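Here the chain labels run A, B, C and D in written order, and each chain numbers its own residues starting at 1.
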Amino acid sequence: MLINELIEIIEYFIVMLITAFAFAYFFGWLERKFVGKFQRRHGPTYLGKFGLLQNLADFFKLLTKEQVWPKKADKLLFLVSVFLIAGFTLYLVMLLPIYNFYIINSSIILLLIFIILSFLPILIALNGYSSSNKFAMISAQRSILLLISFEIPLFLVLIAIGYYVHSYSIVSIVNAQSNLWFLFIMPIGFFVFLMALLAEMERTPFDLREADSELIAGWLTDTGAPYYMLALFVDYIRSFFGAAIISLLFLGGWYGPFGNSFIWLFIKTIFVALFIMFIRAIAIRMRIDRILYFGWIVLLALSIINLYLVYLGY
Amino acid sequence: MIENIKKIGVALKILTNKRATVEYPENKEILPDNYRGMLRLDIDTCISCGACARICPNSTITMVDRDTDRGIKKYPEVNLERCFFCGLCEEVCPPKCLVLTKSYTEVVSFDRREFIKEPEELN
Amino acid sequence: MSLVKINIGPVHPSTHGLLRLVVTLDGDTIVNVEPHVGFLHRGVEKLAENRMYMQIPPFIEKCDYVAKTAMDEAYVATVEAAMGIEPNERAQYERVILLELQRIASHLLWLGAMLNDLGHFFSVFMWTFADRDKVLKLLEEATGQRMFYVNMRLGGLRQEFPKDFEYHVLDVLAYLEKRINEYESFIENSSLFKERMYKVGVLSRDDAINLGVSGPVLRASGVNFDVRKDKPYYVYKKLNFKPIVLYNGDNFSRYKVRILEIKESIRLIREAFKQMPDGNATGMPIKLINPAPKNKVVRVSREGPRGEIMFYLVADEQRPYRLAMRTPAFINLAALNHIAKGNKFANLFPIIGSLDLVMADVDK
Amino acid sequence: MIIDRKDLIDTISSFKKKGFSYLVKILGIDYIDYISVLYILRNLDSDEEIEIEVHLNQNDLWVPTIINIFKGADWYERELYEMFGIEIKGRKVRKLLLEKFSENIYPLRKSFKWGTK
């Protein structure tokens, strides 16, 4: 009995791994092409049919580069934090259910996900701190600031969802959305959740950690090429995870007009990813003190109002 | 917040513009006819007066002597590494035999000596 | 809090060219910004003492590789003043057209780079570059070279405008006018942009005068000074040119002055094409021996896109004895420390962007 | 107008009171037997310009600073010091472009020879 459960877990593990990697790869490619089209240029067209192999070429190019350790860098802390970040992100992706294909369906799965998700910025800060580069230091401080100012509204929205569905298991949340998506039930909650996740995934207008026009590459300034590739890949996987969570919690996961199957989940995830890229092509980076104001006052107030509305049986 | 929505509206409209970049190796831009590109020397009409060598701001043209049937004559030799195609030599040349053509044949090579174009090569 | 000294090195994504800033930070607020320059110093003033008059324009143009025609025209006007040559009516109109086209191209490049500093991930940068490319094609058509034109001759231009140059210019201008309105509504309709631009990097009126900044930076602080109006040259009086002046001297008004200047330039070019008489605008071709200069000391100042360009020429027989240049970005960068003091660290880059620095201008 | 360097400061401040509130340029010219330093001021309202010239003989080259009259003079004076070696009395002046390994190299002086073609 234990063995077939184990097999089922491994089977799920492989399927989710492939979807995560495939999505991260295409997310990178689609972002270059979409933002390219938006900026009236072609995007990669040289390798592969529509530049599809461009990411692969970058992948190998970065792998072949030499890893240089800065003198003052704390090597052990850096290695530990890089692989922890990668491990946690992949672990998060594993917890996502797809239609009737999931590992755990306990009633507190959502809390587990977001507790881990709130642990990542601390790891990123450690990573930045360990490379002892001035820009990485500032980026580490900002990562903690981002964490503090966006966690509370995020969790308040989760409490609102949990209260509405009386359970935190994603499957039951999605089932509750069979007739009406949570997007329409709590639009304010959706806005707060989207903003908080944008900050979590380091997307403009909140990409303070990797603000390329100020801090060169933020916490990645001194990382060598292979680890930079790993960090970039993990970044794309986190974007996939963010898009998937948004489509699961607010856009009624696998419920669609005709039959409800996991294809609907992917369509919604891709649509949310396109929306994130669109914001990245338009918006300007907010200043750190404006983000604190936005996080602490605007989002916090909105999430409390949202919670209150849900409590009133809106 | 209203202005941000208006901004997204404008952004969507901009999305419909056609691409402005050209895939260079396949199709190239069309150049105007008075484009100042590679130099071209018409050896026979050159009276080797050296005006181009003296006018060149970067002194990239040096007079090199070649033996022709009428004895040794000096001809201009251009060092394309230093030339920035300002066209002063073209204007000052009395018989108008040194001309800047429209072809910007990619002046690329792995060997710096190939940049120094002999008078015969300037065609 | 201990002061942190950050070295924003010569190669940094948002410095415009080779500029090294040593910023001392107290937490997140800037205490002192000390620019280190000299990476693009080619000693043009010493070089000029060793070249004949008409050999110098290619070097002068490289002193401001964004507004090439402005520098080239200012230098040739100085030599003309020294030799007592006056360009004919049509040549004056054609020079004004080329100058205003160059101003539009320079402001478009600034707009893209400025938005890029705000963290715009190259969107507006690509658009303005595509539009600037259209203007560069026009200049390429008129002068024959894409970047460094060397197009001014004593008393006129190198060659007459090609046949239907006017129609090409007019429909590019129509296209640009539509795009500028599009950009304006796209950029200004965002609360993020207003947050980062309003009341940031404020330069008061008498500070601006005391620091000696010039151009859009000066006019954004309420000083009504523009060489094209105060010391009118060529046909700017006939085109009834009115300078654009805004009054609160922060980042946003520096941005707005340049956007309005693009529109003003478009109007000027259309007006110039209407009033342009017929005739031949080609100047004196290049010769090894130029006419001897009449008056020894000449000082000519022009209005470049970045500010006032001034040439001080002590003329010798065939070579300038001393050529002194006042390039606008040199002083605008000197004012950076005064403007950026007390701001947040994240504000430093929009302020640098709003000053429209070109490093070759600074280092001469 | 040519004045002596001793009363440079009060002429400039008197002109500033008269309305010449904009410093256009400070430049130096090496006339072999003396170096002349020019201060160009401009009156923004009436658009007049005035050139104040100071002659310094070659062996004692120093000029009083006008940094407290015109803040904009800071970089001009540093450039003057670097290019001509003219001491700026009254403030600590550092070279603008090349600080190290360029002692007593003053490029804009006529005595500075370089590889002339």
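FYI, a contact is a pair of C-beta atoms (placed from the backbone, for glycine too) under 8 Å apart; a residue touches a chain by one contact, two chains touch by 3 or more.
For clarity, every value in this text was computed on a predicted model and none was experimentally measured.
In terms of C-beta pairs in contact, B-C outnumbers the other of B-C and A-B. Farthest chain from subunit C, judged by C-alpha centroids: A. Of all chains present, the one whose mean CA position sits nearest the global mean of protein CA atoms is C.
The distance from the centre of subunit B to the centre of subunit C, each centre being the mean of the chain's C-alpha atoms, comes to 26 Å.
Subunit A and subunit B have CA centres that are 51 Å apart. Spacing of subunit B relative to subunit D, judged by their CA centroids, is 42 angstrom. With centres taken as mean Cα positions, subunit C sits 44 Å from subunit A.
Multi-chain contact residues, meaning those touching two or more other chains, occur in subunit B at positions 7, 11, 14, 20-21.
Residues of subunit A in contact with at least two other chains: 38, 40-41, 281-282. Chain contacts: subunit C has residues 126-127, 130, 190 touching two or more partner chains.
Working note: touching chain pairs come out as A-B, A-C, B-C, C-D.
By the touch criterion stated above, subunit C contacts subunit B in their complex at residues 51-52, 54-59, 126-127, 130, 133, 140-141, 144-145, 148, 150, 158-159, 162, 182, 185-186, 188-191, 285-288. Contacts from subunit B toward subunit C in the complex involve residues 1, 3-4, 6-7, 10-11, 13-14, 20-21, 31-32, 34-36, 51, 54-58, 84-88, 91-92. Every residue of subunit B that touches subunit A in the complex is listed here, in rising order: 7-8, 11, 14-15, 17-21, 23. Only residues 35, 38-41, 134-135, 138, 204-205, 207, 211-214, 216, 280-290 of subunit A touch subunit C when the two sit together in their complex.
Across the interface of their complex, subunit D is touched by residues 37-38, 41, 43, 45-46, 50, 206-207, 209-213, 223, 225, 230-231, 299, 301, 308, 310, 312, 314, 321-322, 324, 326, 330-331, 334-335, 338, 363 of subunit C.
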